[in-house]
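See the structures that follow.
Here come two complexes built around chain A, the first alongside chain B, the second alongside chain C.
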Partner chain A sequence: MTIIRPARPFPWHILFFISPGLFIYLTVSVYPLLDTLWLGFYHEADDGQLSFAGLNNYSKLLFNAIWSDPFWNAAWNNLKFFIIHMLVQNPIALLLAVLMSSSKLRLRSTYRTLIFMPTMLSVVIIGFVWQLILSPIWGISENFLYSIGLGHWFDAWLGKEGSALITLALISVWQYVGMPMMLIYAALLGIPDELQDASVVDGSSGWQTFLYIKLPLIMPTIGMVSILTFVANFNAFELIYAVKGALAGPNFSTDIMGTLFYRTFFGFQLQQGSSTMGAAVATLMFLMILLGVVFYLFLFQRRVQRFAL
Partner chain B sequence: MEIRQLSIRSKTLATMATGVLLSSFSLSALASETLTIESWRNDDSKIWSDIIIPEFNKLHPEIKVVFAPSSPADYVPVLNAKLKAGTAGDLITCKPFDASLSLYKKGHLDSLTDLEGMKNFSDVAQSAWITDDGANSFCLPMASVIHGFIYNKEIFEELNLSVPKTESEFFSVLAKIKSESRYTPLVLGTADQWEAATMGFQNIGPNYWKGEEGRKNLISGKEKLTDPQYVKVWENLAKWGPYMGRGYEAQKYPDSQNIFTLGRGAIYPAGSWDISTFNSQADFKFGAFYPPTPDGQDTCYISDHTDIALGLNSASTNKKSAKVFLNWMASKEFAELYSNQLPGFFSLSKHKFQVKDPVAQEFLSWRNQCDQTIRNSYQILSRGEPNLENELWNVSSQVLNGTMTPEQAAAQAEKSLTNWYKPHQ
Partner chain C sequence: MKLFNLRHDSSKKLMIHAVLISYTLIALFPIWVVIINSFKSRKAIFNDPLALPTADTFTLIGFEEVLLRSEFGLFFSNSMIVTMISIFCVLLFGAMIAWALTEYKFPGNLAISVIVAMGIMIPIRLGTIGILELMSSLNLVNTLTSLVLVYIAQGLPLAVYILSEFIKQVPKELKEAARCDGVGEIKIFFTIIVPLIRPSIATVAVFTMIPIWNDLWFPLILAPSDGNQTITLGVQQFIGQYVTDWNSVLASLTLAIVPVLILYLVFSRQLIRGLTSGAVK
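Our next item is the complex of A and B:
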C-alpha cells in the first residue's frame, strides 16, 4: 500500500534562523579571506593603482633573496616558537591538570584561578611587565638570581640574538598555560570514577592508572590542544610586537610570520607598505596553517581512538 | 595558547586593522569646523594643546584644532591605514623625503606650492618635501633637528672633565668616566635599533664622509658605503660598546632617557628634540657638544636634519580653515613660539627670532662653526627594497652589540643598495 504524502513546504524557517549568522560569517570572514587571496595576485604601483600580476608576488616572496630570506627566517622562527610551546607549555599543562584533578589537593580553585589569571590579561600588559622584570637596568630578576646563587647566569636575554626568541616563547607559555590546563582538566574530570576504581582493584599503580586508563581517554583533548597551539602560534603577533616592535630585533631573530606580515602590509619607518605583497604573505600564512591542520586531521585525528564513556 | 576560530587570515587582518584604527581614532569625522593634526610627536601634545593651539585661537577663535598624535614607531603604518580608510586628520605631519613623496604620488596630499606662507621658506628648507622635478611642494616645512651629544655638567665637574673636541679626547673622557666613577659613560641602548643609526651612525658620520659632499657622492654613486670613510664610522661605533650600560642590548629609548635624567649617565648621544624632555625631567645642569672630529681634522660637520613638516590631506573637508592654519604656521609668531616652546626643534622659516633655551642655543651655535648636512639615507636611497634607512638601523645596532664587524656592516648596507639602485650597481 502506498501513502501519498502531501508535498512538504520549503523550510523557510530554517533559512530565516541561519541567515543572520550566515550573513555575518560571509561578510566578515569568507569575503575578506577570498579578497585577500585575490589581492595577492595584484601589484600596487607608486601612484596606488592596482594591476594584475599573476604569481609575481609569490615568486618574489619565495625565490628573490631580498624577500625569501626574511620569509624563511620568519617561518623558521615561527616553527621554533611553536616547538617551544609544544615541548614546554603542553606538558606543563598536562602535569598541572593531573595534579589539579587529584582528590587529595586542597585549595584547588585558588590554584586554578591563579594559573589562569595571566591568560585573561592583555598581551601589552604581559609584555610590559616581563620587560620590566627582565630589564638589566630596572629589573628584579638579576638580584633574584644573585640571591639564589645563580647571578652569573643573568644576561640581557631579551636583547641577545641567541636568547630573545626563546625568552619571548617562554613568556607566552607562562601567559597561556592556563588554557590547555583547563581543557585537559575538564577532560580528566569527565572520566568516570568506576573506571579508575576498577583499575585500582585490578592492582594497577597510580602511574599505571594514568598511563593506561586516563591518558588514552584524554588523547582527543591533547590532540585538540596541540592543533589549537599550532594555529595560535602561527597566528601570533601581539607579544613580539609589544616587546620587540615591528622590526623584531635583534637582527630579526624574533621575526615571525605575524610581524613580517605587519611590516610588509603597513610598512615600517621608511619601508613603504604594500597591500598586495602583504596579501601574498598573509596567503602563505594561511596555507601554512591549512597544511598543518590537514596534516593533523589525516595523521592524528582519524587514528585516535575515542571511547564512549 | 589562545583559542581562536579557524578563520585565520581574516582574523589576523581584522585584528590588526581595527587595533590600529581604534587605537588612534580621530575626531575628524565628527565636527565640520574641527581641524585634526596627525603627528608622531606624542611627547609634544601638551604643548600643542595648552600653548600653541590657544595662541592660534586668539586670532581665529572659529577654527577648532585638535592635535592627535600616535606613537612614533607606528606613525607611518597607522597613518597609511587611516589614509586608506579615509579617517585620517586634515593636517598630516610629514616625514622628510620619500615617505611623504609617496603619499603625494598616491594623491593623499595636496600641492602647497601656491600657499601664501610658502614664500617664507628657502629652497633648502623646502627641499625635503618637493617633487623630483621641483615643481610641487607638498608640505609646509616646520623644523629641523640637530644631532650632537648632551652631557651631565655636574658629573663632568665632579670628575674634572672637559668637553672633548676630537675623537681621541672623546674616548679618553669615556675611559676616565668608566674607571673613576660608577656612572654609565655613554647612555645608549640598541633594543629599539633606531637610536643606533640615528644617534650613532648619522650623528658622528658626517665628520667622516664630509657632510653634504659625501652625501651627494653616495647618491650619485661616486662613493660606496664600503669606502674607508664609511667603514671608519662603524669602527668608531664598534668602540662604544664597552662604555654603554650593562645590558644595553635590552635597553630601550625611554630607558636611556630615564638613565640620563636620573643622573646615572654622563654622556647621551642626542637629537636636539631631547632637550625639552630633559628640561622637564632632569634636575641637574646639562650641556651639549658637537660630534668630536677625527684627530687632525679642522672642519666639523653636523647633521642638521630637515625633519618635520605639515601637509594637507586631500580628502579633508575643511581645506579653507586648514590653509588658514598653515599660513599662520608660516608666520614669525609661530616660528618664535614653536622654537621656544619646543626647544630643539629649530624653525626652518626665514624669519629672524631669538631662541632662549641655553642648550638649544648651544646646538644652534654649531651652525656657525660647522658645515651642515642631512641624514644620508633619507633622500632617494630609501626608495627601493630593501631601503637603506632600515638596513642602517639593523647593521648599526649589530655593530654596537658586537655581533657584526664594521666591514660586515658596510658590506651588508652597500649590498642593500646594489640590489636596486643603478648608480651603485
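Our next item is the complex of A and C:
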C-alpha cells in the first residue's frame, strides 16, 4: 500500500517574508560591493571607456611612488589611529565599567547615561566642538592648562603635523568610549555573584578577584570590542573630514583610508577623481577589514573559551 | 573592627564616585561649553567662555542668523523623513527576515543567514562606488530615496541579528496553537510575533537611528545639494561657509545637538537595556 502524500504547496509565505528586505539588501549593499571589487580590476580612460587592467591598479597603489606614498601613509596613520584607540579607549572603558559595576553603587544609571551621551552625537558636530575648544583663538584649553600650571604645554595641537593625528584619535576616543564601556559593563553584570563571593571567601583581594575571576570571564567581550574598534577605525572618515577637510592636513599627516578613498574617488585640486582607482582603494580597505575579522574569528574566538554561565 | 571596615568601605565608594564624576565632567564639558556660549554675545564668548549667559550678554543673534541664512528647517525635516522611513522599513523587513530564518527550514536558509550576517562586519561604505553607479542608473542621485534605500540596506543585518535572538524566545506553544486553529503564517507573524517582540523593536530602532541621523558620508555623496541635504551635512556645509562667525557656528552646533540629546534622554533606558540585556553581545 502506498500512501499518496499531497504535494506540499509552494511556501509562498517564506518568499513573502524574505523577499522585500533581501531584495533591497542584495541590490543596494551586496551587488554594489561586488561591483566595486570587480571595478578595481579595470582601467578607466579619459573618455570614460573601461578596459580590463588586471592587477595594474593594485601594483600602482602599492609600488608606484605617486600612488603608494599616500597609500602607505594613510594605512600607517590608520594603524596608529587604531592603536591609540586600543591603548586609550578600551582601558578607560574597562576601568569605568568595573567601577560602575561595583555593588550597591548609587547613581550608576546616571553615570551610564551621561558618559554615553557623546556617542550619540554626530562625529561632524563633535569635530567642530573640539576644534573650537582647542582653538588658540578662543583660548579655552590654553586658559585651562594655565590654571592648573601646565600652560607651557599648550600648543595648536590640531594644526601641527606631529600632533594632529594623535589629537584627532583622542577626540574620537572621547566620543566613543561609551560603547565599549557599555558592552564590558553588561558582561560584568553577567558574572554570577557566587563566583565572586567564593573568591572573596577564599581570601582574594579585590584586585585578585578582578584579575583572576572577572577579567578571564569578560575576555570574549574584550575581543569583540577590539574587532568592533578595528572595523570602525579602518572605516572612519567623518571626523577627519569635518576637522581637516578631504586633504587631511597638515601635509596629509591625518590622512587615513577613508579620506584617501574619498579623494581618490572624487579627486582633489589637480588630481582627477578615478572610479577605478577608488574601487582599488576600497578593495584594499575591504581586505584589511576582512583580515582583521578573520584574525579575530580564528585566533581570538577560538583561544578564548566561552564560559557557559 | 566593624567601624574600620565601614570607613574603609565608604572611602572606597568615595574614590569610585570621584573617578566617575570626573569622567562624566570630561564627557559633558565640551557640549556644555558650546551650548552656553551659543546664547552669548560675540564679546562675551571671547571674554569669558565658561560663564553662563547673563542678562547683559544674552543674545539669540546666532540662532537668528542660522535660521535666516540657511535652510535649517528644511534640512531637519529631510533628516526626519529619511530616518523615519528607513527605520520603519528596517524594522518591518528585518523582523520578517528574522522570523523566516529562525522559523522555517528551507533550502538557502543558511546561505541567506551568512550573507546577511556578513553585513554586520563589512561596512556598506566600501561599496560606495557601486552604489553611486546604481543610483545614477536609476536616476536617483540627489534624492532622499537613494539615502533611504542605502540606510535600509545598512540597518538590516544588525536588525535581523538582534530580532532573531528575540524571536527565538517566543514560546513554541503560542505558534502551534495558532496553527491548529488554522491561522495563516502571515497572520501569525503580524498578530502574534510582532506584538511579542515589541520591546526589542524599540532597541533596534534606537540602534538603527543613530548612525542614520549622524551619517555624513552618504549625504555627501548621494544627495549633497538642491535642498536635499540632511541636517548633519547642512551643518557641515554651513559651518564651512561661516567659520569665522562664532555666534552662528555655535548656534548651528547647538541646533544640531539638542534634538539628539532630547531623543537620547527619552530613549536612553531602552537603549541601555538593549545593550545590557545581551541582545548585542
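The rule we apply is simple: the second predicted complex is superposed on the first by the 290 of 309 C-alpha atoms of A that agree within 3 Å, B and C clash if a C-alpha of one lies under 4 Å from a C-alpha of the other, contacts with A are read in each partner's own complex, and residues count from 1 in each chain.
Basically, a residue touches a chain if its C-beta (ideal position, glycine included) is under 8 Å from a C-beta of that chain, and two chains touch if they have at least 3 such contacts.
All of these numbers come straight from a predicted model, not from anything done at the bench.
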Just chain B (first), just chain C (second), both, or neither: which does A:Gln272 touch?
first
Chain B or chain C, by number of chain A residues touched:
C
For A:Pro180, select first, second, both or neither according to whether it touches chain B, chain C, the two together, or no partner.
first
On the A-aligned overlay, A:Leu150 touches which partner chain: chain B = first, chain C = second, or both, or neither?
neither
Can A:Phe237 be said to touch chain B (first), chain C (second), both, or neither?
both
May I ask you to decide whether A:Val293 touches chain B, chain C, both, or neither, giving the answer as first, second, both or neither?
both
For A:Pro136, using the defined touch cut-off, is the partner it touches chain B, chain C, both, or neither? Pick first, second, both or neither.
first
Counting only touches as set out at the top, which of chain B and chain C does A:Leu50 meet: first, second, both, neither?
neither
Which partner chains sit in contact with A:Leu87 here, chain B, chain C, both or neither? Use first/second/both/neither.
neither
Scan A:Thr27 for contacts with chain B and chain C and give back first, second, both or neither.
second
Residues of chain A that lie at the interface with chain B and also at the interface with chain C
28-30, 32-33, 36, 138, 177, 231, 235, 237, 258, 261, 265, 275, 282, 285-286, 289, 293
Footprint of chain B on chain A - complex, ascending
28-30, 32-33, 36, 46-48, 66-67, 85, 89, 131, 134-138, 155-161, 176-177, 179-180, 225, 228-229, 231-235, 237, 244-247, 249-252, 258, 261-262, 265-273, 275, 282-283, 285-286, 289, 293
How about chain A: which of its residues touch chain C in the complex?
11, 13-14, 16-18, 20-22, 24-36, 39, 92, 95-96, 99-100, 102, 105, 107, 109, 111-118, 120-126, 128-130, 132-133, 138-140, 143, 174, 177-178, 182-183, 185-187, 189-190, 221, 224, 227, 231, 235, 237-238, 241-242, 258, 261, 265, 275, 278-279, 282, 285-286, 289-290, 293
Where on chain B is chain A touching in the complex?
1-14, 16, 20, 73-74, 76-78, 80-81, 84, 95, 98-99, 102, 105-107, 190-194, 245-252, 255, 259, 377-378, 382, 385-390, 393-394, 397-398, 401, 403, 419
If you look only at chain C, which of its residues touch chain A in the complex?
13, 16-17, 19-21, 23-24, 26-28, 30-31, 33-34, 45-46, 49-50, 89, 93-94, 96-97, 99-101, 104, 106, 112, 115-116, 119, 121-131, 133-134, 149-150, 152-154, 156-157, 160, 184-186, 189, 210, 213-214, 216-217, 232, 235-236, 239, 246, 249-250, 253, 256-257, 260-261, 264-265, 268, 272, 275-278, 280-281
